[in-house]
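Two complexes follow with chain A in common, the first pairing it with chain B and the second with chain C.
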Partner chain A sequence: MEEGMYRAVSGGRIALQRRQYSASCREFSVRCPRLQLRSLSAATCSVWLAAYGLFVLSQNSMVLSAAIFITLIGLIVYLHFVKIDQESLLVIGSLGIQMTSSYASGKENTTFIEMSQVKDVVINEAIYMQKVIYYLCILLQDPREPHGVSEVVPLFQSSKPRLDCLVEVYRSCQEILEQRKTSDFTRTLN
Partner chain B sequence: MVLKVFFPSCCATAESGLLIGRWIPEQNSAVVLAVVHFPFIPGQVKQYLSEVQRVTQVNMCVLGSWSNSKQEKEEVLDKFLEDLSTIFSHEPWIQLSKEGDSKFWSCCIFQKYPSSPKEHEFILVYYDQRKVMLSQLHPTDSLTTSADHKGNDASELGAVFDTVAKSKVLFMTDRYDDGPIKLTHWQSEGVEASIIVELMKQASVPVCVLLTFLLSLVSSVCKSRVLKFWPLSFIWSKLSTCEQLGHRLEHLQIISSNRKAQNQTQLMRKANIFVSLLIDVALGILLMSWLYRENRIGQLADTLIPVADHIAKELQDLLQWLMGVPAGLKMNRALDQVLGRFFLYHIHLWISYIHLMSPFIEMILWYVGLSACLGLTVALSILSDIIALLTFHIYCFYVYGARLYCLKIYGLSSLWRLFRGKKWNVLRQRVDSCSYDLDQLFIGTLLFTILLFLLPTTALYYLVFTLLRLLVVVVQGLIHLLVDLIDSLPLYSVILRLCRSYRLAASVKFRVLEQKPGKPLRLLMQINPLSYGSVVQTYRLTSYACYPKDSWSSLCKKLFVGELIYPWKHKEEKQD
Partner chain C sequence: MVENSPAPLPERAIYGFVLFLGSQFGFMLYLVWAYVPESWLFSLGLTYWPQKYWAVALPVYLLVTLGIGYVLLFGINMMSTAPLNSMHTITDNFAKNQQQKKSQEEAIPALRDIPISEVNQMFFLADKGICNRN
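What follows is the complex of A and B.
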């Protein structure tokens, strides 16, 4: 298992963990920066200051309890639906590619794409406002029409690693996909 | 070369024996369905397998051998297992072996004609047999179009799920049977069944027959010629209650039909309709019990007439306001008075009719409220119809105002063309130039001026009544939307997704288990259930909703020109 520290597009620090389970099975996990205490306290303080200001104006204590509820529920919703802690990519040659996003509350969202649908894994570049950002994506094909790209699935969308990290992952993935091509070749030969 | 073996987790503690299952050569994968234990007679095993193959249409064969030895490796057993490969010839012959309580198994294959000199890599995928058997895979749209019986070469997982699902016959023999073959699979400890479910299955047959008979009687009555005479058929088509009852009748017919559901989709559809009907009737009875308690019907009837009176009075006030100086605008006095008096007279007629009917209202409401036991949707449709009937005068006023305004607009546009020396050519459907005589021009200009200066008055009346009509239409639309929601929500599928989420599978997820170098890669395959949104979208019942059939721009155009609008036109939906 290897671990490396890289930077995300926004500048935050992210960690890439690489694991090799067997010759054709590898896993890449990117860990996003954790929830900062200062941003959490800033948000809570601003909400409560606003609520206190309203209370002073309206003299209704319901405003304060409402502010507490809003803060709690907002935090729970944020942790469960928005904040992604870790994104991982599991490549099993001859079975498929699996993408997992784990949220800060522990929820995991998994998508699995079969190998017959995967055409290639590439790094694309995109122009976003004034920046050019690179992202890794999987090109899907319709198994009945191997010469067209039916869909593009972007990876690591929340952690957004920079090009150096993406190149590492790209090289490893291509090694596994190469094996698939050679095994296909030998199968057609027999 | 990579070889994948899908092994059921229930067979991990089975005694040594033979592995039976299906070999998928295109994907180099073997799906193990059960383990046959010693002692057995090879001839009987082959015969049993060919019988099962004939019944299930799954290409089942002996895949290899499985040895579970409690002590160290036994050489004798190894030789015996190798000899078995000559009896049950299968290419390649898989040998799985487990030592003691070790988690890490060893896997090797034995090929008579080795196809490639390279080393084989093995992937061992554990799966929960019962869950995979009961589950139904919902692939994304690109793969659903491939025919199911073509071997599913497009989807490997589809092939695995298909194999396990079709092999139900194999799982019917448990180890207490006195057959020549001893199997281990998920049900080998004994077949489980629920007596309630079996009793309900037996009871449902006569109930279905009775229901079909009753429904055929009801539908023959509905289709009889008596009810098809012109005024009656017009009324039935306008009342939304009749439509809703018709839909429910269709649903009941679908449920009570004697044919078994051919595939999973039809079964889910029937179950969804059944649960939806049940919930509907339960809510309706709840509503009824609330309505009939404490004489609420009487209270409702007592408030109905004052409400109708109040609406009429408000309309009268509105017309008086329009006849005066509405919003500071100066109206043409003569036309204003004519239109105002015309509408006031209508309201007066309407009030008289309502007062004529008032002694019977309570009795009518009481009997109509009884129909709520047919379902909440029927009660809501009746409510929508009552609203339509009570606001009938608003609808009439809207039609009068719209027609008047429409005539005026057409007149104005035609005379405007005359002003500019042009004419509408009906034959060619375009505007052509035309030379008019002087007196034609004179009369035309006069009429144009009259119509133009009378426009604000008519336009104001039209605007006011259109707004009122739109309000009523929006309220009716909301009620219909609620009815449609109850009708088309697939409650059974949602509850299934909540309680037995493995039955509706979107895909699978793999978890990598502990590895040991040198041993095959171990993965656990779990079912990834569909999200609630896709469950509702996949299993939605056909909706008979009235969606707005006009876009916003065409609606605005129609309003401007004065055409009558019917925004909630009923779509004629085709059954799927």
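What follows is the complex of A and C.
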């Protein structure tokens, strides 16, 4: 198991963990930095100061309770729906590819793509907001029509690693996908 | 077939001069309407004018439209950018329908779109000494 520190597109630090379970099975996990106490307290203080300012202007104490309520609900919603802790990619050569995102509240989202639908894993460049970023994506094909790309599935959407991290993951994935091509070839020969 | 060229022609000179005279006349008319008091205009017999309110309102409307137009153009640009999971970032109709001609010996190969898998292999799987990437 190897671990490396890299940077995300936004500049934050992320950690890439690579595990090799067997010759055709590898897992890559990208871990984002956890929610910092200073940003949490900064946000809470600013919301509460604004609410206190409103209270001084309007003399309505409901503003203060509403601010506390909003802060709590907002924090819970943020941790459960927005803040992603870790995104991992599990590539099993003969079976498929599984993507898992785990949120800070413990929720996990999993997607599995069968290997016959996977055409290739490539690094694509696209315009995102006001930047051009590199991102890793899976090209899906229709099993009946092997020469066309039917869909593009972007990976590591929340952590957005930079090119050096993506190249590591790309090279590892290509090693596994090449084994699939050689095994297909020997199967069609026999 | 008529050739389009930006060279000066007599017709273009006439159009330009008519436009110049028309715009100067329009501007003078606007100034007269905005500044001359109504009583003087009525005494001349010209009674059917729009309200003077519009002499101030219309320029304000135009400037606000200009300001909103900047924001709107920015937003339209962002909306029409293809999302990261769209097929338009990989290929398009022209690339799908291009012909796969066999390259002849000693001839320059035909221009074609290289598939993204090949491009990736060239960039990222080739030996590091060959390509110099930032």
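Going forward, the second predicted complex is superposed on the first by the 187 of 190 C-alpha atoms of A that agree within 3 Å, B and C clash if a C-alpha of one lies under 4 Å from a C-alpha of the other, contacts with A are read in each partner's own complex, and residues count from 1 in each chain.
Quick note on the criterion: contacts are C-beta pairs under 8 Å (C-beta built on N, C-alpha and C of every residue); 3 or more make two chains touch, one makes a residue touch a chain.
Predicted, not measured: the structure shown is a model, and the values here were computed from it.
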{"item": "Clash-or-fit label for the pair chain B, chain C on chain A", "value": "fit"}
{"item": "Chain B versus chain C as contact partner of A:S58, first or second or both or neither", "value": "neither"}
{"item": "Contacts of A:Q36 with chain B and chain C, given as first, second, both or neither", "value": "neither"}
{"item": "Partner chain in contact with A:Y135 - chain B first, chain C second, else both or neither", "value": "second"}
{"item": "Touched partner set for A:V122, first chain B, second chain C, both or neither", "value": "second"}
{"item": "Contacts of A:R144 with chain B and chain C, given as first, second, both or neither", "value": "first"}
{"item": "Partner chain(s) touched by A:G93 [first = chain B, second = chain C, both, neither]", "value": "first"}
{"item": "First (chain B), second (chain C), both or neither touched by A:S183", "value": "first"}
{"item": "Included angle at chain A between vectors to chain C and chain B, based on C-alpha centres and rounded to the nearest 10 degrees", "value": "80"}
{"item": "First (chain B), second (chain C), both or neither touched by A:T111", "value": "first"}
{"item": "Smallest separation of CA atoms, chain C relative to chain B, angstrom", "value": "16"}
{"item": "In the complex with chain B, residue positions of chain A that touch it", "value": "21-25, 27, 90, 92-95, 98, 100, 110-112, 114-116, 142-144, 150, 183, 186-187, 190"}
{"item": "Chain A residues within the chain C interface of the complex", "value": "119-120, 122-129, 135, 137, 139, 148-149, 151-154, 157, 163, 167, 170-171, 174"}
{"item": "Footprint of chain A on chain C - complex, ascending", "value": "78, 81-82, 84-87, 89-91, 96, 116-117, 120-121, 123-125, 133"}
{"item": "Complex contacts: residues of chain B adjacent to chain A", "value": "1-2, 4, 27-28, 115-116, 121, 123, 125, 142-143, 146, 153-157, 507-510, 512, 515, 521, 523, 528"}
